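Here the structure comes first, spelled out in structure tokens, and everything after it is commentary.
Order as written gives the chain letters A, B, C and D; numbering starts at 1 within each chain.
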Amino acid sequence: MRSPLRSDLQGARDTIRLEAFSDGVIAIAITLLILEIRVPDVGESSPQEAWAALAALWPQYLGYVISFAIIAIMWANHHLIFRFITRTDHYLILANLFLLFCIAAIPFPTGLMADALGHPAERVGVTVYSGWFVVCAVAFNALWLYAVRSKELIAPDANPQSLAAVTRRFLPGPPAYLVAFLLAFINPIATLLVLLGLTVTYVLPYNG
Amino acid sequence: MRSPLRSDLQGARDTIRLEAFSDGVIAIAITLLILEIRVPDVGESSPQEAWAALAALWPQYLGYVISFAIIAIMWANHHLIFRFITRTDHYLILANLFLLFCIAAIPFPTGLMADALGHPAERVGVTVYSGWFVVCAVAFNALWLYAVRSKELIAPDANPQSLAAVTRRFLPGPPAYLVAFLLAFINPIATLLVLLGLTVTYVLPYNG
Amino acid sequence: MRSPLRSDLQGARDTIRLEAFSDGVIAIAITLLILEIRVPDVGESSPQEAWAALAALWPQYLGYVISFAIIAIMWANHHLIFRFITRTDHYLILANLFLLFCIAAIPFPTGLMADALGHPAERVGVTVYSGWFVVCAVAFNALWLYAVRSKELIAPDANPQSLAAVTRRFLPGPPAYLVAFLLAFINPIATLLVLLGLTVTYVLPYNG
Amino acid sequence: MRSPLRSDLQGARDTIRLEAFSDGVIAIAITLLILEIRVPDVGESSPQEAWAALAALWPQYLGYVISFAIIAIMWANHHLIFRFITRTDHYLILANLFLLFCIAAIPFPTGLMADALGHPAERVGVTVYSGWFVVCAVAFNALWLYAVRSKELIAPDANPQSLAAVTRRFLPGPPAYLVAFLLAFINPIATLLVLLGLTVTYVLPYNG
């Protein structure tokens, strides 16, 4: 027997607060990234030493750029899919919370990668960093595929071709990040270049 | 004599800003959790040492997982009860602020528990950690019970059976977290397993 | 001569984004308070030492409680006045930004007070802490008094008695915090008790 | 051939979530500024030493004031331009994300400038600090100029004179910050005074 609560919930739960909460978590995670770049102690430095200390932070700047770009793209894509998803259910909420779990953790592997770059543990840092993006990409696809397969969650007037186009756009994500991850075992710098390249492909206009 | 302000306030205060503020605090608390996992200093480490340093952070990862899950569930449940609560009054605002007070503090016992796990003070850390969730669960139930008993705050068209079903779902929370807390005096690891188990019960679909 | 921009702006600017931005800043400031309580290093402590280390953090807990309560009350009062303020202008935005400037800074005097309590610099910490709340209370009153005096910003159907009641409620704030501040020169603990007492008066229902 | 997705997207994307996300990032960045002012260790200080330690933080206070004011003005201006921008497209989203990238990073140059002020690396800190504001001002103008030139993004009923007035107000930003930046090579303190002065000009009412 179905409880009255259950049918109530599945019927009317809207996506507004879920989107607002997601926006909040994503906005905080993207802004906390800057805290991983610790201000160098320049109190006693000569100007030359201070410039050198700033230059030595290039792995931190690179991590900030890549992670900011990837989180920003995930936000834009989250925005995109919730133009089609107009209802929520229990598992959609769980899938969305798992995605937020992945995004909120990104400052940690970003800091690790930046600290390790140029040091003996460089491969460790880049492996963890790119591996985490594989997890994020899988979490994002799981959320979308769950929503698009259970038609009750999608706006009734959504164009099936548009839905298929969104799916086609997201499916290459996990294998692409997996390639970046596997490259780390050969050349960690190549991994970072691939990650940068993947964010640049987003800058290009959509071709469906 | 009632002041004109008072009747104004009790009549028209809506829940929109209260929900938005709550979403903000909860989103920030859940995202600050990652800052409790400090990036290990791998600058001079060999790859093996770096992997070992990452592996040694397992209590931090466990704390991140458990606290993220519990805060996420509190957010989802907060979302749920404010589908029934459509008006606010002075004490509802206070009860909600007390709940936010409890949630915003969670990063502290999380960090304490993670730092203590596997060390002599392990029981101290786990006792404080699980004890704080007892307080959170009581605060959540107090908010809901206050709202549901003063009928003016609840949507007039709310199904009484749905309200009773929500109450039945939340009431087991405080005793369940109390059991986890008391277990810490026997076996702190068992406490953490119970906390993990409690979050998993949420993943299952509702049975009313 | 008035520019077309100026009249556009003064006419239609709504308060929605101003309220949302204020909620964001206040929610973040209140949640960052917990970061001022650093987790004690209990890795090598015996259980007794760990409990003692936690007990020694009582000034930090007290600061968290007082600052959380005061920020929460400012949020509730901000919410209250923007039920009457329905339009914005340039100076209202500036007054609101100055209030946010004051609120966003609260974690700093909170941490200072907590670190100084029980130490020789106790009076310094409590003076700065309570003095900052005088500034906050003045900023809050300035915002409200500016809005209520320029009638264009207030909802046309606002009850003048309600407006006067709000003003009467806020005006005692600055002198009350000033008393707490001046008390610090005699007895810093008395200041903290007065601050706690001021937050408790808010818990009582309004009497207009 | 255009994909169905693409035309869907360009048609209906509204600005609500973009504004909410921007508000979130800006609110967090402005509130994180306070974390750059580390609480001095006053545990063993005499009252005189504690006052001296607080006084020695004047560069941190100055950085907090300037950066808070500049971010607040960017928020108010962002609010202003999105009263005219009522639709979004791919490049507007990218331009907005780049602006957020710049704003979210501000706590880092702020901390650097404050740590360097009064020390040999003072010029380095002030150069980086003011230089970053040049980048921010260019990012802001790029966002506005892109929007205003592609008429599809602007509200159809927007007054062309109002649009031109907004453009006239923003265009002096980049050269003004550039002057502040170049001044740092002559006198870093003069740069900070110019930055302060630029924020004060905003306090004045608009003259179109």
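In the analysis below, contacts are C-beta pairs under 8 Å (C-beta built on N, C-alpha and C of every residue); 3 or more make two chains touch, one makes a residue touch a chain.
Here the structure is a predicted model, which is why all the values come from computation and not from measurement.
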item: Interface sides of chain A and chain B: same vs different residues, half threshold; value: different
item: Chain whose mean Cα position lies farthest from chain C; value: A
item: Whole-Å gap between the CA centroids of chain A and chain D; value: 25
item: Distance from the mean Cα position of chain D to that of chain B, given in whole angstrom; value: 35
item: Touching two or more other chains - residue numbers and ranges from chain D; value: 20, 24, 28, 32, 35
item: Arrangement of touching chains [line / ring / star / complete / other]; value: ring
item: Interface residues, chain B side, partner chain C - complex; value: 2-6, 8-9, 12-13, 17-18, 20-21, 24-25, 28-29, 32, 35-36, 90, 93-94, 97, 100-101, 104-105, 107-108, 111-112, 115-116, 119-121, 123-125, 128
item: Touch list for chain A against partner chain D, complex; value: 19-20, 23-24, 26-28, 30-35, 37, 39-47, 49-51, 54, 64, 68, 72, 75-76, 79-80, 83, 159, 161-162, 165-166, 169, 203, 205-208
